[in-house]
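Per-chain residue numbering starts at 1, and chain names A, B, C, D, E and F are given in the order in which the chains are listed.
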Amino acid sequence: MRLLVVNVNTTESMTKSIGEQAAAVASPGTEIVALTPDFGPESCEGNYESYLAAIAVMEKVRAYPEPFDAVIQAGYGEHGREGLQELLDVPVVDITEAAASTAQFLGHKYSVVTTLDRAVPLIEDRLKLAGLTDRLASVRASGLGVLDLERDPDAAVAAIVEQAAAAVEQDHAEVICLGCGGMAGLTEQVVARTGVPVVDGVAAAVTIAESLVRLGLKTSKVRTYAPPRPKQFKAWPPAN
Amino acid sequence: MRLLVVNVNTTESMTKSIGEQAAAVASPGTEIVALTPDFGPESCEGNYESYLAAIAVMEKVRAYPEPFDAVIQAGYGEHGREGLQELLDVPVVDITEAAASTAQFLGHKYSVVTTLDRAVPLIEDRLKLAGLTDRLASVRASGLGVLDLERDPDAAVAAIVEQAAAAVEQDHAEVICLGCGGMAGLTEQVVARTGVPVVDGVAAAVTIAESLVRLGLKTSKVRTYAPPRPKQFKAWPPAN
Amino acid sequence: MRLLVVNVNTTESMTKSIGEQAAAVASPGTEIVALTPDFGPESCEGNYESYLAAIAVMEKVRAYPEPFDAVIQAGYGEHGREGLQELLDVPVVDITEAAASTAQFLGHKYSVVTTLDRAVPLIEDRLKLAGLTDRLASVRASGLGVLDLERDPDAAVAAIVEQAAAAVEQDHAEVICLGCGGMAGLTEQVVARTGVPVVDGVAAAVTIAESLVRLGLKTSKVRTYAPPRPKQFKAWPPAN
Amino acid sequence: MRLLVVNVNTTESMTKSIGEQAAAVASPGTEIVALTPDFGPESCEGNYESYLAAIAVMEKVRAYPEPFDAVIQAGYGEHGREGLQELLDVPVVDITEAAASTAQFLGHKYSVVTTLDRAVPLIEDRLKLAGLTDRLASVRASGLGVLDLERDPDAAVAAIVEQAAAAVEQDHAEVICLGCGGMAGLTEQVVARTGVPVVDGVAAAVTIAESLVRLGLKTSKVRTYAPPRPKQFKAWPPAN
Amino acid sequence: MRLLVVNVNTTESMTKSIGEQAAAVASPGTEIVALTPDFGPESCEGNYESYLAAIAVMEKVRAYPEPFDAVIQAGYGEHGREGLQELLDVPVVDITEAAASTAQFLGHKYSVVTTLDRAVPLIEDRLKLAGLTDRLASVRASGLGVLDLERDPDAAVAAIVEQAAAAVEQDHAEVICLGCGGMAGLTEQVVARTGVPVVDGVAAAVTIAESLVRLGLKTSKVRTYAPPRPKQFKAWPPAN
Amino acid sequence: MRLLVVNVNTTESMTKSIGEQAAAVASPGTEIVALTPDFGPESCEGNYESYLAAIAVMEKVRAYPEPFDAVIQAGYGEHGREGLQELLDVPVVDITEAAASTAQFLGHKYSVVTTLDRAVPLIEDRLKLAGLTDRLASVRASGLGVLDLERDPDAAVAAIVEQAAAAVEQDHAEVICLGCGGMAGLTEQVVARTGVPVVDGVAAAVTIAESLVRLGLKTSKVRTYAPPRPKQFKAWPPAN
């Protein structure tokens, strides 16, 4: 099967990293196609960028010329999943929700550790809409921007590990979700410090997408995610 | 003061209608500027269209060349308000939330009557994120598309009145919010049939925006709606 | 239009102050009539006093001899709004709910800072009944009594500013509501310290009441706030 | 021990009936003192009347000249319990909460059947503040006024039994609370029709009050229900 | 009347202690029969043990040869109450729920103080299923095992008192429930330190069970707690 | 990898059927071992039976002599998952939760269709504890017992299809979970009637268990699911 794993920002190195994470856990026979949007911000760290990325991801997926079996939206706490679900019959898996769903099988409560403090409300809102907050202990921020994860990995590790430990010790989290597409490499260190299972959203999403495909399950089309009605669009998609 | 009232779709006649509704309730001294996005769908009836409209609204507002005091996003159950709040210091008022907030001052529970059934979950999700569902009795759909409201007003009236009456009689709503930018003219008929107050989102939003401006209140910038961080955007905004 | 702004306690100086706050934000053409109950406590700092004040406010409004367009109940976290809504057709606006509704347009979460710790549960309960707690970060108390605000304003400012800052820094509030009818003068200091918008309940209530009147909206009479049924009252209203 | 059972309205025959219900279940050695407020409405069927009754009940209890061990507020869905708790050290038991607490020991979900439809939101709000709605299946109204229960008992029985049956069959209630101080005599008929346990609030409250007294438990005074602070009251209590 | 008070573990000394607590508050004419399961763990400190105890308690009660009027399950945060309710017509009272229900009559919020930290989620889950978490301030653990309460009572007192004080001061609890069958003797010390009412679950359960019996109320049999359907059991009950 | 799939009842034919369902979706290289408890009821249709089954499942898994990688508890709405999680390091997947988690990736709301009406509250409670009720539209019962599914498959199909259709049309479910271990064969008919995705719990659980194993994730041991403390057990496990 072929899974499209779509980065939400336009930083190619991050797409590459996400694609490698996905490929590392994919089953034999699963082809991972990592895509970068054609337009939008170099990183998503707020609502404006996230809304723009949502559209850029949708357009990228719509333009993909080959058949595929599922799509993974590889941004943490981002907008847009519902739009992709309307456009496609195949399953769409958001990594925020994939990580939380997976975490709930492993411990009584889970926390998310993300980068910037301003991303916390976005993640909380995504999880609220997804109905996944009852067992959410906390969303904590390390205070680092998305691209800092690539620029200064050591500081990133230290700051994230500290927040993960606080989530376990103060908020009673029993599982940690790493709340950023670029955090996957940090899993080992967080496990070592906290002793709790650490879920990477991209990896979780790959297994969930594969599972849905294997079970023959597709997006429900009876109401919320019915295909868009035929209509006129003005000046869209963009010419550039 | 100057209020930007931004239609979410690209149908100019609807922009005109929304602008007239807004002007009809604006205080003396308030200038209403009704804007139509430069790109996007002719109507918003689902998530894909709504996400696209969110971006189109933001770009339109960003490009507006004159000073203004507040922005009203004149689409019911649409995405994007949080993005506008990041981009602007002035208040941003979503008509879905404006109607609900207003309704809560008038009765113990309120319902929303909207057009298509598929819009119901979008409205529910918007109200959930806004923290306005505790006193929500129901969101009901008349089964008509947005543009049907202009094409066959008589059928629209009949269908909406029927759902409003059901909301009052079966769901115990004590106030009705008309859940569509183009429904404003129907208020009188719904009041006549149900005997309950009927809130039009555009009108409610105008008074709330004016109030926030008069009180000197602006969007909080300390966390969720802080301005976007400086960064590179690829191929955006679109050239067309 | 004429707005009745009813103090909940019998301290005339506080009524005067409330009336001035209201007048300061009222539109041209709005007449503010500040009323003091004929009986009841000199300040409301608990349930017994608040229940008594609720009745005293209702009797005062019932006895008002001239027409009026809306009523503002100018006590924070007090009982009684639902009773006024039964007695009147015109809108009734509680300042606790007015402040919270207004705050929700400005930030992702809001906190209330009030006077005595024992008032916190009353405010929480009022907001719970009003369906306005989903985005409530916290209710914090400065530890000062209502009348201390008049007696020692400097200490009041310091204590309130401290709690407001804690609400922003520890509870992630993005907006502060000043939770006491007599706190209005402190807005400036709290803004200076925290950098977040500060909402005064009386001012917010005036703009909301004016808006409802302008929109021609009145209290729903179909169920919860239907007029009292005709019946015998024993020894009421009191002779004194 | 001595229990004050306070009617919320000024209809002496209803006080007598409530007192008899209470005495019928009281333990040997428990003295039931049934009190009627000195002022207020002949029945409580809405917020205005309920707020007035709240104060009338408090004044009656304050004026009671002998020692007592607990107070039962014998009105369904009425205001005021929190005020009594401030005024007294001894336990205060509201019959709405007593019935619901008792019902939760008997079945997975419970419903309340009350008189007028307009009382439904009052009861819902009382149960919401009491934290007793998670297992509430529904509050249903028979459409009869409080005094109809005395005037036309046969019709009252029929209407209440019908709603109780609907609560069990449609709302999945497994226990019924009779939501009116005057409904106690109807228990037998409702049991016969529905086959589920039926809880009478007055009876439940008597056993709970007795239990609290026997366990030596009193109202907590550390915060919400601390005694009122010493202060001036204007023209209160009333002279009549 | 005869009440069965069933310990959840197989430690006879704890059964004796529980029986004495129960007898100390039982009404004249109430016979307390304290039972120890025939199999299972010496203490319940986790889910495996609690599930096993649930079955052991049920089998012990099923085998009891004499008539009885109600059953008290005397373990804090344990599984099994719903099973007993299916097996019996008489009321079944769980001490976790009895304590919480009682606490809610005494203060605005309550906390539970228990032994091991790992028991906290069990208690939280029990209260969640019972619909008793809206007014729950916190569940706190003293860090001591169940049997430590017998082995080193002084340390137990100190640790529990410390957590109770923290619940009042930090979590705003106004009532404390002692969350362990063996904690009853500590009530006095906790009251002395915190000044709030302290509820012992066994004592509360005895009065509730007696009340239900006096009121003639039994477990509802219409749905959730209907008797088990007739069927084959393999190798059960155990031969030993 | 080896997955233990444990039936909750002692009916071997149902174990066989469950094992076949599991094997049908297992990846190449996954060995499915279907186990039947050594004691307990022939079917689980209530709390008593479910509690007994919980223990029987745990004992069966404890006694399994070979290594294994994950356990699937193949009963719908049953007790016991938390106990298994304490006993094991490997992941434990409950089919109720597996189905719900999977459904949430496919539609905005989901419903569960089960057999007996009395099972509905058990399923609701399981989903409540699992934090999976926010997007639950309804739990509906076909009115058939567990073993009827084997005895009269045609009637089972008809009754289940009818409830599934009602869930979609009346409750706005967009996905159906078949809420019984023995319902798997009915998927096709329900899909044909409703047009929505249908999730079988056993199949969903197999893919989730495989995913957790592939990702190297195990049950968190820091708090709720820490191993049982060493202690004495009386007369357990049973000799028979």
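Throughout what follows, a residue touches a chain if its C-beta (ideal position, glycine included) is under 8 Å from a C-beta of that chain, and two chains touch if they have at least 3 such contacts.
The chain list, named the UniProt way, goes like this: A, B, C, D, E, F = Aspartate/glutamate racemase family protein.
Keep in mind that what you see is a predicted model, and the values were worked out from it rather than measured.
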Query - Shared interface numbering between chain C and chain B [over half = same, under half = different] - result: same
Query raised in the report: Where centres are the averaged C-alpha coordinates, which chain has the largest centre distance to chain E?
Result: B
Query raised in the report: Using mean CA coordinates as chain centres, what's the chain C-chain E distance in Å?
Result: 44
Query raised in the report: How many angstrom lie between the CA centroids of chain A and chain D, rounded to a whole number?
Result: 52
Report summary line: Separation of the C-alpha centres, chain A versus chain B, in whole Å, is 29
Query - Residues of chain B whose C-beta touches two or more other chains - result: 108, 120-121, 172, 223-225
**Report entry** Residue ranges of chain D in contact with chain C within the complex
**Finding:** 10, 37-43, 45-52, 54-55, 58, 79-80, 82-83, 85-87, 117-118, 120-122, 125, 128-129, 145, 223-226, 228-229, 231-236, 238-240
Query raised in the report: In their complex, what parts of chain A are in touch with chain F?
Result: 25, 27, 91-93, 97, 101-102, 104-108, 130-135, 168, 172, 174-175, 194-197, 199, 203-204, 207-208, 210-212, 214-215, 217-225
